[in-house]
């Protein structure tokens, strides 16, 4: 009985936003964004793991929530609540009403991606999420936004194609496409290498990791903050999540592949840092920090691929990390957006400052005053988890493996520099 | 060379002459006459060949055929002449017009 | 007399007879005509449903009529035939509703609906044919009954399109006839048989069989719009929207593709065809068509022409699935027969709605139509994403099976073709969607008709929405027992790869 | 009941009734129309009766007046004759119905006697079994047909009829000469007797040359087709129909009979020549038809092409006799129905619009939907598309050609169908233009439209009757022993 309720609640979590997305429904509701995320929020709080199977959907698929997923779902809830609030605040935006549909569709896709337990489910919902997010991103935007949207779309299409190939490879190897099975199955077959590269390229594109960061940076540059704050939580985090779920971590050592990922990580850390130093405007801060942080994450993933044993040990940290990353970035973007809102945004020149302060008026001051502390708080949370991961390179140091050394070193230094700079900037 | 064969040969010659005339002459009356000449040739052959059995009494069947043939030829000639007259009345010329539509 | 022996004939007759009656109806008898049409469609649907159920439980429905000594007109309902029959009869119903709305008040409607019903009868006949000669018969009937629909508008352009349609299809029909007769002289039978009936022919006939295969594929390829035989299809888009929707997305073109499926699987037999070495070239031909069609679609500004080239490209997915010659790819190909039909008909309905309601014919005029006609464009969006193979829409399932099948058969290059095509699909569909949803609408539409508060008439709005939902459902509910996918698996199991 | 039917001498009735009727019509013009209609209908019934007789008793023999061969006249009918008679009766009835609405009083009085005369001659021809009788019937039919062709008295009609007459007479005389030679050689004109006695000799060869040329000329096989288009195109519609559908077939029938019984077994390369001429005829006739701007000429040239098809069977019959002849007969039957329908439909358009310029036909075609349908259905059969009699015939022909590896003929058969589609749709395309201009038109009676339509339906229906028809044609084995089908 309890099982059933849990299962049904999970179903509601996913279907609810889709229902609300129907124009006739959402236009009659006062807070559609918030309402849509509510079931998910409730489910995060409710204890207990659960799953439910839909044998008729696609080729038969299953959705589940467990400890790891809960982290991500929590992040999703937080990010979307923030986004819904931000969007609600800018209701004077003439496109608000129509944006809401895309908003809700993206949300539904996001929740589905988080809860999916197999590759097909993940892929399907990430498609929904991806394309709806495009709509959300560019709706009513100026030429610059459109350009960013176009870039995003191109990367998205290519990524989906490539992932589809990976998916096919996986499906031709194993009938059962649940993450765990795939991970085990995709080791040591003739198509393994191809699968790995396809999945890597796909998610690098989706998550805007260097060298595919172009769409991400231009999106941050042009998209209004109420939507830009989703960039970290939606495409980037889900991209990283996908990588964690699709790639066969902890099963087998992939030296070359792992090294390449590490190099990507390092390069993107360096790139992000460099951009941060040279021409970072306030608005672009989150972009460069995202790139750096994802680089960091990549370096770790690479390490995990090279040393499966290590990965098995620290695997549990990945989900919290992704969760904190999403929340952190969303909060960062939100804050910066608020701070900058005193200047009219180019995309929405008619926006009035008074409207903004109606509901977060007090908050702005508070954030301004205490942003330093709050961000510290966030960062310490995040760094706390991270430091545990960081022990891994330390161990590796002991083993004297240079590749890992590079990863660990860069991670540490970059994180440090990044945090310092950000704090300094904000406190200015 | 028997008489019979001579007759037959004359018949063939008549037929050929008629055919030749039919081809070369444009005037319809000449064409009709040519046809008649051809017919006579055929009849001559038929009559001649009636003696094929070599007996004194010739075979009656070809004769019957010739009579039938003559009847047919007469009616055909009548029809042809009528047509010719009508055509002449219509076009003022007793020749077949070049068909403009072909 | 067993009733079951007449049901296939009744299915054909259920559209043929109303069609013939409709011809004789006066132009203004709208109600009677619509009633006849809809009644025919419903009766057909009921009969098809009955047969579906029966065949699923292993029953046989077969009509045999003498045609020539030793050759009969055979109508047989097997799983494969029923797939196509069901598709056409369901879509006939929907399209009839649409056509009634679309042609309201236009001239020559009796003629139109008459030929329309004839077309459907011919299509159903094509689907149910149990041997090649029956197939040929209905195939040609389809050619003939489609022609009046293409030239229906009677403009100079329409006549030229009709002319080129005839040139292509009559030529194709002649090739098919030639191949069929030749085959008959070799084997003395034309009956569609699971795994084909040519295995027993000796080695010395193989060159002839290869030529016969080429002849038949060329003959069928005309309707299936294989490059370079596709030229008529984009031109035929001058026909009224319901015609483009049902005939050029489903009935006519599918008849060609369906024929290819029949020829490869039930005449030659797929393993024998592979042994002859003819499936390889066919696969390449299909791949070329896929890419070529997509490339051409990119540069079309006329919406229906763009869709037409998309059809050219998508049809060859089916051929490709067949030519890969493996069980999984077959499922992909066969299921795409249905999926492509659902998605493309929705797209054409939408194009028709735009033309009829707003006077929009070109992609460049579509700025902001999503705001004026949200439901129509929502259906269009589903169709377009389906064409790109985005989950969870039907196209994804087809592509999935095609890709898997290619991998299984060790033909990895097919994956590249699929990827390339999807990329191109995205390149020509997404700009349309972008315009429709994200661009500002113009002050006035080219030729707007008002329908009160609705975006357009009900009869025009429901069909695209329903078909789009069906496309969505076919993808999401792919594992359900009577889904197109489930049925395609049944076909592969029972007819193509039975032990 | 059955015995009564089998006892009546249907064959004699088939000849006598129209003959007497023709005279009666001539004597009492007022009842001509009614009498014509009734008699052609009785003709249909008589053929049914004859068919019953043949099916129950086998081949039909009747010695007229009690005198048998070699002195008297023998009537003879096997499956082949029966089918030809049947198609004559059917098409004839259709033409009669059509004519009852078509002709005005002035022409009507002349049409009916002549038409019944043609019908009597045709029936007699199909029932004859001796070559001289065939000559007589051929000549009677030919003369009456010429008179019919000249019926309207217009310039074109007269010159067309004149050409027709001259060609006809030339052909007949040539045929008669051949008959004379055969009689000289073998002492009989009875086909059955001749078949037994005939041997290869100079006389026989000369006879073959004369008879063959004469009949080819009358059948209008390329290159001797020159007289056909003007004659058929300028005659009144029902006359064109009967000329194209029946009269031409009569001489082909004689050629076929003589070939099967007398000349075929002799060997030689004549069949190849026929095949080549047939092939050229198919292409030439079709191309000419495509080029025409006048509808009636188009249809007439189509006849030239279709006759070519019939001759394609000759070379193929060498090793697959029954099949090839079946194909030829089927093509002949379906062509008779289809071409009659086509000419009648053309007549409707001509009457309605007052002209037959194809380019301006659109407004006519669109206002005569039944006629357009008739033309289309007939066209389907002419093109050899399924389902139609033409398709069955073409299928059989193709099958034989392919089985023998006669690639040249295969190409011709297919190409001919494509070209036919070209000229048929050249006309049908007019049905779908946006013709806005109204014009003076003359009403077309329903009987005329329906006659054309029903004949066209017949051509289509023939596509489903292959089995019974082909078993009928086998009665009396006109094509020799039945071979085992492949």
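Per-chain residue numbering starts at 1, and chain names A, B, C and D are given in the order in which the chains are listed.
We take it that a contact is a pair of C-beta atoms (placed from the backbone, for glycine too) under 8 Å apart; a residue touches a chain by one contact, two chains touch by 3 or more.
Because the structure is a prediction, the values reported are computed rather than measured.
Using the contact threshold fixed earlier, the set of chains in contact with both subunit A and subunit C is empty. The centroid of the Cα atoms in subunit B and the matching centroid in subunit C are 67 Å apart. Each chain gets one centre point, the mean of its Cα atoms, and the points for subunit A and subunit B are 106 Å apart. With centres set at the average Cα position, the gap from subunit B to subunit D is 27 Å. For the pair subunit C and subunit D, the distance between C-alpha centroids works out to 42 Å.
Residues of subunit A in contact with at least two other chains: none.
Interchain contacts (touch definition given at top) occur between A-C, B-D, C-D.
Contacts from subunit A toward subunit C in the complex involve residues 23, 55-60, 98, 120, 123-124, 127-128, 131, 135, 138-140, 146, 153, 157-158, 160-162, 164-165, 167-169, 171-172, 191.
Of all residues in subunit C, those touching subunit D in their complex are 23, 65-70, 73, 111, 133, 136-137, 140-141, 143-144, 147-148, 151-155, 158-159, 162-163, 166, 170-171, 173-175, 177-178, 181-182, 184-185, 188. Residues 15, 19, 22, 28, 31, 35, 38-39, 41-42, 45-46, 49, 52-53, 59, 61-62, 65, 68-69, 72, 75-76, 79-80, 83-84, 86-87, 90-91, 96-97, 99, 101-102 of subunit B are the ones that touch subunit D when the two sit in their complex. Listed in rising order, the residues of subunit D touching subunit C in the complex are 369, 373, 376, 380, 383, 385-387, 391-392, 394-396, 398-399, 402-403, 410, 414, 417-418, 421, 425, 429, 431-435, 463-464, 466-467, 470-471, 485-486.
Residues of subunit C touching subunit A in their complex: 371, 374, 385, 389-392, 396-397, 399-400, 403-404, 407-408, 415, 419, 422-423, 426, 430, 437-438, 475-480.
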